[in-house]
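Each of the next two complexes has chain A plus one more chain, namely chain B in the first and chain C in the second.
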Partner chain A sequence: MNAAADRTSNWVAWVLLGPGLLFLAGVLVMPLVDMTVISFRSESFGQIMPGFTLKNYASFFRDTTYVQLFLQTFGAAALVTLLCILFGFPVASLIADAPAKWRGLLYFLVAAPLLVNTVVRTYGWLLILGRKGLINEALAGMHLLESPLALSGNYIGLVIGGTQVFLPFMILSIATSLVAIEKQLIESSAILGAGPLRTFFQVKLPLAMPGIIAGSVLVFSLMLGAFVTPLILGGTAIKYLSVAVYTDALVLFNLPRATALAIVLLAVVLLVYALQKRTMRRYEEFL
Partner chain B sequence: MRIIAGLEKVDSGSVLIDGKDVTHLPPRERNLGMVFQQYSLFPHMTVAENIAYGLRVKRHSESEIERTLGEMLELVRLPTLRDRRPMQLSGGQQQRIALARALATRPSLLMLDEPLGALDLKLRRQMQAELKRIHRETGATFLFVTHDQDEALFLSDRVAVMRSGRIEQLDVPGRIYRNPVNEFVADFVGDVSLLECEYDVGRRGITVKGEFIPMPLDGAPRHIALAVRPENVRLAISAEPGGLRGQIEDIAYQAGTTLYSVRLANGALVKSRGLGAPSPDFVLGTPIRVHISDCHVAFPREGGR
Partner chain C sequence: MIGSPGWSAARTATAVLVYLFLILPMLVVVLFSTSDKSFFTFPPTGFSFRWYEAAWSSGRFLGPAVRSLVLAVLATLIAMGLAIPGALALRRMKPGRLRAGIEFFFLTPLIVPALIIGIALLYSFSRVRLLDTFAGLLLAHTLIVFPFIFRAVLTSVMGLRQHLLDSSEMLGASPLYTFRRVVLPDLVPGLAAGAIFAFIVSLDQFTVSLFVTQSEQQVLPVAIYKYLYDVNDPVVAAVSTVLVLFGLLAAVVINWFGWLRHLGGSAG
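Our next item is the complex of A and B:
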């Protein structure tokens, strides 16, 4: 009787899940399969040719411009992640140490920028960083500069913009970890004779690692996939993977190469997630 | 306790440890040990790393750390657990490791903030005995906060009964129990019945609703509240002369002893503890007579009833 009831509830669960699963299959799985197939085709004058080829992928390893593209993209994403940790940790620490009644407001303030469209925010940065932007005008006004600093249309702009855009994810992720740290652990460390620095590096930081790792994976993969920020603040001069995919697909009509690039991007992100899972399992053992 | 540890700032007054004013020293310069109720072991460190933490901070040599570590694990009788992580230990084991960590640096004062509060009764009793042994073996000063009065009496050389941040009585356990300074202390420590009665100076005894029990209380005022411990109350069948008349209202058998609640003629409830199982002479509703032996404290009462 129980087994029968279980079967019924199973059946109901599948029916309820059905529409969602069908939707996912239609808009996620199918296109992915399609993309994977196309990435092994060749292209001629914007047409996808039949047949199987590895040359799309092979060129990524042979062609130095592609090697450079990958290195610069991953480098920029890694730098953004690092900066997010450096800027995010103190803010997260402040939130975690704040009285509980203030925390809600602080969380909101951190998350508030996410309510503004990324395009709008990135254009905001352009107003600040541009050749005739706030910073350059101000510095020029103080006669500190002879020619404007190149703060946008290059990697500097990309990294500044990316850091600001994705910082909230890092802060929220680290804050969650820090809030969970028992206050008595910090106090125990102090009573045992440790100074603030030792307590930070030996107690607080190790216990915040799950949050830092989760935040890093989030920011790194979001930054890899970011398109608007690199396009607006990086401009056309820089090499960025997501922008390259866009150019290949919609400007050069080389779908096979664009999909191959996208698949590589996807593979990297999956790899990063797999690494995160592994390291997190180590922490779950004792936290 | 948090003020002694330096975790909380003082509004007024000062903190002296071994005669030295530490009021404005940060916690790390006070050379204290502290054990929290939630154990608060560092979850990312092994047992050995936890215990060695304070020693590493104080830059002891590795050989010295190793020796102290062995001593501490021996002291808390968990020598085989050094490479485990706190999550892999039971509550009682974690508490012992927390104790070892706090004692490793040989603090001038070890503070224990309801350390056994999270343990079940049996483990609690076991840990109390362990604590007593460790206290004896280390010879360190322990400051132990608890809400469990039995625990306080059992463990301590001196007990301070506190009410809203003030010490009501600071004394050896025996005197706290037998000679409480006020009703709060009397009521807080152990079972007690407060019996409102009048003291008859001439006959040297107390009267309750006309009934008299001889009881010399030198210097007692007329209206008093007598603090009576259940073990000093003897019940007798109602045919026996003397004593106060009452009726058994409740009987509770408690491992080895029986606690009777007796309602007296004046409405007061008096508890009596007898050895062994409930006596067949005394069942619910039995009219009986209550005798109070001479171990007692009287508190003055204004007016009377």
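Our next item is the complex of A and C:
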């Protein structure tokens, strides 16, 4: 190809890319820049005041309620991630070992809930966990309970709902790793005299690790940013970062503080992704 | 695990319980929607369709439902119009930093949590009077579905067979003709699966919609949430059941295209 044709081809490429790039610049990049600017402003009676201030960020370190807010949010997200690994591994392992004709159905049953509306799925949990929900009514009906258990409007509801909403991502991620393992490796391990436990910990688990790491990063960051499940199952009484952003922005009309919280959340999510890239590279070199 | 029936049985039993856990909330919603009482009784008693009639005649869901459907179709179409040329352009570019950078940029709406997109747009839209307008809602939803469409299109575009495109050109076909008769047919399965998924993602989008609208432009998930807080009777379950069936139908169709298991991937 000569230089002129090359230049034409470049020109065509940029014309084709243009609309997408412009769209993202206008609807994503500029609003994010504006949001960052606002987070350094102060607020008075719902109005954003001119001038530069660090006080929105400073209060996160000084104020113990914010420290608590961050710790509880990260704690809940970590717990959901852990539960997803524990619940997800057996299913992923079953899918990987299943004969080809069953695999499609097993995959389908995992992925299908992802396409059902999140508000609807969370509402389902409210029906199960609520004060007059399925569990409380069933236990009361069997005379096992005097007063209803508090299963929603707190962290219990949030963790249960979050686990169900994000579990499919973990299963699909681990299954991808397990399907790639050659069956001979597991068989060799057994033939060479390793027991099932040893085969699991020394062959299967290390090979599944990339899937577990990728799935964990995805679930952890999705849960950190999750809003529907914390709002409906946790309620506004609990301390959760996303709910706090919502309350600050749309209930208290303190946009500077809400955006500062949002920036912290975004920074953590980006950091988690960056760490994943590094860990994965290290792990693959190690293998 | 190989050679240990005990382990294998335990694993199957656990997996069955996890599958039940995944399906349970949808099952409860569907069962509750046909209850003849407005509260839970255990064991369940009568059967009725009265909540479906109530949902229809309440007038609180039809408008938002139509708005959600129109919004999902338009957002998907616009995102396709932006993503297809973009993906074709990336295919022409040499692999390297620039191409990887643009590809990453196009996928960023997947990494930024919806909550943050919502609050950023809340402020930006309020300055250009797009808050609580259909145009604003459409821009927001196009942004949300764009990376899903782009990912599906890019995967298909990278699988295009260069020799077919070359032959078409050598045989004297114009670029437009080649696009219509050679490129597009190869993209259809990925594009269709991506479009259906994008449609569902838009229909599902609660967070961003809540931030950029007030009362004028309510979408279906927001209407469900508001009703849940005002009234909370099985009318919500009836509306929800329709969405459950809708989601499962979409899953069947996407699965038919062989794309369902690709939904779980992250952007990175």
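Here is the rule we go by: the second predicted complex is superposed on the first by the 278 of 287 C-alpha atoms of A that agree within 3 Å, B and C clash if a C-alpha of one lies under 4 Å from a C-alpha of the other, contacts with A are read in each partner's own complex, and residues count from 1 in each chain.
Here, contacts are C-beta pairs under 8 Å (C-beta built on N, C-alpha and C of every residue); 3 or more make two chains touch, one makes a residue touch a chain.
Note that this is a predicted model, so its numbers are computed, not measured.
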Per-residue contact with chain A, leading partner among chain C and chain B: C
A:188 touches, of chain B and chain C: first, second, both or neither? first
Touching partner for A:74 - first (chain B), second (chain C), both, neither: neither
Which of chain B and chain C A:207 touches, first, second, both or neither: first
Which superposed partner A:115 touches (first chain B, second chain C, both, neither): second
Which of chain B and chain C A:198 touches, first, second, both or neither: first
Which superposed partner A:40 touches (first chain B, second chain C, both, neither): neither
Which superposed partner A:60 touches (first chain B, second chain C, both, neither): neither
Residues of chain A that lie at the interface with chain B and also at the interface with chain C: 187, 190
Touch list for chain C against partner chain A, complex: 1-4, 7, 11-12, 14-15, 18-19, 21-29, 32, 39-43, 81-83, 85-86, 88-90, 92-93, 102, 105-106, 108-109, 111-117, 119-124, 127, 139-140, 142-143, 146, 150, 197, 200, 203-204, 206-207, 210-211, 221, 224-225, 228, 236-237, 240, 243-244, 247-248, 250-251, 254-255, 260-261, 263-266, 268
Interfacial residue positions of chain A with respect to chain C in the complex: 9, 12-17, 19-21, 23-24, 27-28, 30-32, 34-35, 38, 87-88, 90-91, 93-94, 104, 107-128, 132-134, 137-138, 141, 164, 167-169, 171-173, 176, 186-187, 190, 196, 199-200, 204, 214, 217-218, 221-222, 224-228, 232, 242, 245-246, 249-250, 255, 258-259, 262, 265-266, 269-270, 273, 276-277
Residue numbers on chain A that touch chain B, as the complex places them: 182, 184-185, 187-195, 198, 202-203, 206-207, 283, 285-287
Footprint of chain A on chain B - complex, ascending: 5-7, 26-34, 36, 38, 40, 42-44, 53-54, 57-58, 85-87, 101-102, 105
